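Paired with chain B in one complex and with chain C in the other, chain A is shared by the two complexes that follow.
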Partner chain A sequence: MDAVKRALDRISVEQIKLELLGTAYNSSSTFLGKLDPRTLLVWYLFFAIVPWFVYNRTILLGMFILMVITTVLSRVSPYILFILCFGLISQIGWLFLLSLFFGGGIESLLPMLTLTLKLSVISLASITVFSSLDPERLSDGLSSLGVPDMFAFSLSYGYRILPTLLEEFHQILLSFRLRGQRPLKHGWLYCRTAVYYLRIVVLVFYPLMLNTAKRSRTTIEALETRGFSYALNNPKVKKLKLSYLLMKWSDWLFLSGSCLYITLLFWLGYLHPNLLY
Partner chain B sequence: MREPVLELKGVTFTYPGADQPVLHNVSMRLVEGDFTAVIGSNGSGKSTLCKCFNGLIPHYYSGDFSGEAVICGLSSEGRSVAELSRHIGYVYQDFENQLVRPTVMDDVCFTPLNYGFADYKERGERALALTGLSELRNEFIWQLSGGQKHLLALAGALAMEPEILVIDEPVAQLDPQHARHIYEILRRLNVEYGKTIVVIEHHAEFIADYCRNVILMDNGSIRWQKPVREAMSSVDELLALGIYPPDVTQAAWMLQPGLRLGRLYPLNVGEGKACFIHRDKEVVPSVLFTNEVHLVEKEKEIVVQMKDVRLSYRTIHRTMNPVLNGIGLTLRRGESVALIGNNGAGKSSLMKLIAGMVRPTEGTVNVKGIKVNGLPPERLSGIVAYIFQNPEEMFIEDSVRKEIAYYLKARRLTDTEERVEQMLHAFRLSELAEQDARLLSGGQQRRVSLAIGAAIRPAVMLLDEPTANLDISTKQEMVKVLETLRGQVETVVIATHDMQLVAEWASRIIVMHQGRIIADGSKDEIFADGQLLQRAGLAQTPLMELSQMLGLPHICSSLEEFTQNVALQKEGPVHSGCCQTGA
Partner chain C sequence: MSTLKMRYTLTQSQKMMIFVLSMSLYGLSNMFTELIPSIQLGPVELSVEYFAFIPLTLCMLFHPLYAAVGAAVGEIIFGELMLGQFGGLGELEKFITFSLAMYTAGRMVSDPKNRRQVGVAAMIGVAIHQFLSSVVDIVKVWVGVEELEAVKGLAESIVVIEGVGFLNDVLFSGILFALLPTLYLVPRLYGKIEPLLGMKPRERNMKYASGTWLSPKLVIGGILLAAVALGAELVSESGWSIGEFELPWAESNEESMIWLSMLVAAVVAAVVIISLLRRAKRKGQQAGQLDA
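The block that comes next holds the complex of A and B.
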């Protein structure tokens, strides 16, 4: 129990904030982080959609290996990886339990492995791309690919405001705790304590929303005085803003390399569809 | 005659749904290169007035508008806010909400980029250089301190190189040195770059030192627009509206017998020095008295004890950032402790340690014999109450009554009703009991936050900047409310920049600097040491400075005390109109 307690102690709102922001913004130092956002988005589009339609396990495995490499290249935070693995394992776990319940056996694991492989490829692709693209470049990339500017801006603003919101969440949570009463006994398996915490975590959102609503009045007004709506109606501004985006030779190299790998992979996959199992 | 850059002609405005107009037949003009302060009590229409300048009224707030506003020769009628905003930069009171980009550089370039200036980066750089933020250009906004954010909001407005700058309460949350810094920047913009500057300001000392003209708003109309000395010398009129002129001015006014109208008074310490002389009559020096009190307190029961406490925070770059470096501190029963120091000196962190909200990296914190390190905050909540700087973060219910009762109900105390009533009464909240605390005014919100804390009947109450963002008359009221607190709580600790508050309220002062305690003593010990205050990023109040300059037997902190000790010079030297009968 002590180990659990220590692990829980390490998870604080502050910690989560740092991890999130680190993942979001600490990316321009990696190889993938230096690529043009459009390259990454196009690349991601392929790996987020195609695996759904592929049942060839050799191809999936090949994609998985590529994803592992790009994940390592983009230096993803261990927290995020932990959450991913936890999600995948628990997913498989309960599906397996369910299959046992309906009379399945160990052999039902194999088809599930295929599904897991697909999910892993897609998740790792998402992690790679989104931890290599800071919200700013993501928003500019989307905007240059034709996504409405309003949406692209909200995306980057969402990230800008995230630390503020987390900070406030933390403060309000503390207000609840400083004035609240934790159950005197932990209860069976810490049940009572858990219920107490879950309850206040939910309750915190109400004051948070009200305060945010109040605050956003100034933001909207300020956007007006800072010429935001002027920019929206002015294509020249968009061009100026995106003028820094540039496809470099590394972008073409990355894209053509990926294409080559995938072509070879499909060829290999059709020759040996059951290389794995 | 210089050209008017801004002119309002007979402007009347009513917010949609309101019965009374907020602005009533307002006419005014600002000439190029003006530095004007807009003053007035809360709700007199100061912010509303300024929102007419850039067309937010009537274009953004679609109320009932009549009259005309002319900005840089352009009538606001038929022009959008965006168009008018090219000429006028606006910095909000809650400036944090106007920063919409993640990094400093992005934010400062945001406006010029929106207007399609190809040189937006150069403009951004220039604005950063003007505000002294160039070093921080790649920082994230959320890593900046409050003062830096404020400078950035200002830089964002400057990047457009507007003719006019409007700043709503430039120094509300800053320590005295940072506040001076902002005003020095504004003065430079005004003098060297010829910008017209309008500030909404409560602090008369800054108005006296930096502004040239003053507009007094009262009930939605402009009562007058005068040069600063004439304006500040209308002491009776200002006091009647709850606006406090500089202390030096008030002192001269109090000493001036007979007809006061039309007289011009000194505005600052320099002028005051020439005006006042030390009265020979010896007034009982209170130095001995306060020292005695201090001695007696040494023997009282210990409430908080900290031993060699260190605290570091993790940063995004996975490094540790030390905020407290070896704090040893003992607080006793009955003390009124003021924790002073500049922004970022570690005041809030120290208080959070006592409240158990953060765990020290090293060392121990004891409160009432309980070791706090790592104890959940719920366990301490009956002993320590922490009042946040922003009262809104304490509001977790939908009415004032429920806010106060929350703690009591959570513990199922039998006398809940009774205690809530008592608190509502003590903090004059009975009228507001059923309202949502978020919708109250700044001063009322503070009172609610204090009532919440006091209802707990804690041994220690910790207040973070209780007078920040309040206008001066509300602040005066807060001092009284703090007196109420003295009866309910054993020890009160206040972290503040407000030297006035410290002077009027504290029995013990602790000065912090860069995570260390650099001084700890009584009022007279601390305030006499100008260098110490300087080092800690603070400043003496004008009265303290003057009492030292005039060689008074002790440092005076209140006006009454000061005026008892000095007299006006009979034949004062002519000093830019000081102590002279006005024309």
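The block that comes next holds the complex of A and C.
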């Protein structure tokens, strides 16, 4: 029962607002954060795809060690790491239990350990890269790599509009609560309270949809008067906007260091494929 | 012609309005659903997966393509990037399955005032999305684990987990957070929200100007076929031999059986292609009459 109460406490809107704003506007000044966004994105692309096709445990372990080092370097918040570990363990745990049920044994644990290693390499890579890039640099990096500019625009727009939207959502929610009555008893397992709140949260979207429609019309009209869609399709504007991106010597150092490490790792992996269990 | 069929066309900025509206609304809701705790009953998780009613409503009221893509972008930006849990390439798969499902649901509705149509479309949209994402999850484990055959029970267990998750998401999340709110919202918002974006409401049986080739029938048919293929594959993998039957004389002349089945397949394919071509021709003629 305590857990439910704590969970309900956590979803007070004010709390969520603070937490979200904290994560979203946290600018980073780590080593990885100072690198060029393109470097990080290319680096990430390698570690997001290659581990799927590697079954050599020595290589995977080596990659995992590299990921741990970069994660420490980028000072990822412990809360996110906890969520990641919890997710991995619970997923693999349930798989293992059910495979026991279908007649597997302790030997089915080892291939699943390999899967865990793979998944953790991939997720640590994404956490490192995307937590050390602030939104502005991320969107510029993406658009210089050829992602549609509409996405870059949505990213900056999202960061800009979020506080306003949250404020509005909160006000409508409060007005709904003022006019309605919350259930007198919490009910079994706080069922009634939960249902009451979930219902309100859904209902709030009715006025919110109308308000947001009005707001998005204003936004787009303001953008159009400044020639937004013309600029979106003009290569000159894009070039001007991205001219500040520069590959420094630290970028090259980082990339070549990673390449060297991976080459050595593959060499070692083929020499000793079973260094680990 | 007096009964000229109006086509539903939008200007560039109206498309962008729909995109932005859908993105910010669904993104906002995604932030909340990421934070709402879930109740776990063993491997079954009762959770508020997502507020699917927002993209569903918008897809039914406006042009489904822009609303669907906008919602998928909103999920990535608000629900993942801003909360610092961006999954990288894995999000691409989510993006594609989600926008495809929402688009299909939106295309299925020709009359937003018709409650039955809206309800059916909402449930089918959620089911398509959940089915595709469970298939992707299953394939992920199959690719990721090398000795899948060697590990007894792993293949079955992942299918069971994903199957239970699928049922939960469709029946629990789907009904509570997709079906009921959509039924409530779509008829209420119809005709009210469109003027705020400076456009006319969708009229009954209006045709879309673009993207006609990606029809709901095509998507649903493809998914059903994929489901059958996957099921057959599973059955043959596990050796339950439900669908396996052998004619008594098949063993002796296996060669001719193969040719026979090839022949049947060829005939079926030919019939399908011819009928499709005919239909396209007929449609083209109708369109020509309209344009004239």
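Here, the second predicted complex is superposed on the first by the 194 of 277 C-alpha atoms of A that agree within 3 Å, B and C clash if a C-alpha of one lies under 4 Å from a C-alpha of the other, contacts with A are read in each partner's own complex, and residues count from 1 in each chain.
The criterion applied here is as follows: a residue touches a chain if its C-beta (ideal position, glycine included) is under 8 Å from a C-beta of that chain, and two chains touch if they have at least 3 such contacts.
All of these numbers come straight from a predicted model, not from anything done at the bench.
Asks: Using the superposition on chain A described above, determine whether A:F64 touches chain B (first), chain C (second), both, or neither.
Replies: After superposition on chain A, A:F64 lies in contact with neither partner.
Asks: Does chain B (first) or chain C (second) touch A:S175, or do both, or does neither?
Replies: After superposition on chain A, A:S175 lies in contact with chain B alone.
Asks: Hey, is it chain B or chain C that touches more of chain A?
Replies: Of the two chains, more chain A residues are contacted by C.
Asks: Is A:S123 touching the first partner chain B, the second partner chain C, both, or neither of them?
Replies: Touch partner of A:S123: chain C, not chain B.
Asks: Given the touch rule stated above, what does A:I83 touch, chain B (first), chain C (second), both, or neither?
Replies: A:I83 contacts chain C only, not chain B.
Asks: Counting only touches as set out at the top, which of chain B and chain C does A:A222 meet: first, second, both, neither?
Replies: first
Asks: With both complexes overlaid on chain A, does A:P111 touch chain B (first), chain C (second), both or neither?
Replies: Only chain C is touched by A:P111; chain B is not.
Asks: Between chain B (first) and chain C (second), which, if any, makes contact with A:Y230: first, second, both or neither?
Replies: Only chain B; A:Y230 stays clear of chain C.
Asks: Is A:W43 contacted by the first partner chain B, the second partner chain C, both or neither?
Replies: neither
Asks: Using the touch definition from the top, say if A:V202 reaches chain B (first), chain C (second), both or neither.
Replies: In the superposition, A:V202 touches chain C alone.
Asks: With the touch criterion stated at the top, can you tell me which chain A residues are shared between the chain B interface and the chain C interface?
Replies: Residues common to the chain A contacts of chain C and of chain B are 135, 157, 159, 210, 214, 216, 219, 221, 223-224, 229, listed in rising order.
Asks: Would you tell me which residues of chain C are touching chain A in their complex?
Replies: It comes out as residues 12-13, 16-17, 19-21, 23-25, 27-29, 31-32, 35-37, 43, 48, 51, 53-54, 57-58, 73-74, 77-78, 81-90, 141, 143-148, 150-154, 156-158, 160-161, 176-177, 181, 185, 188-189, 192-193, 196-198.
Asks: Please output the residues of chain B touching chain A within their complex, sorted ascending.
Replies: So the residues of chain B in touch with chain A come to 54, 56, 60, 80-83, 85-86, 90, 92, 94, 96-102, 106, 110-111, 113-116, 118, 120, 140-142, 156, 313-318, 355, 357, 374, 376-381, 385-386, 388, 390, 392-396, 406-407, 410-411, 438, 452, 456.
Asks: Where on chain A is chain B touching in the complex?
Replies: 9, 14-15, 18, 21-22, 25-26, 134-136, 156-157, 159-160, 163-164, 167-168, 171-172, 174-182, 203-204, 207, 210-211, 214-216, 218-219, 221-231, 234, 236-237, 240-241
Asks: Going by the contact rule at the top, pick out the chain A residues touching chain C in the complex.
Replies: Residues 7, 10-11, 16, 19-20, 23-24, 44-45, 48-49, 52, 55, 77, 80, 83, 94-95, 97-105, 107-108, 111-112, 114-115, 118-119, 122-123, 125-127, 129-131, 135, 138, 150-151, 154-155, 157-159, 161-162, 165-166, 169, 198, 201-202, 205-206, 208-210, 212-214, 216-217, 219-221, 223-224, 229.
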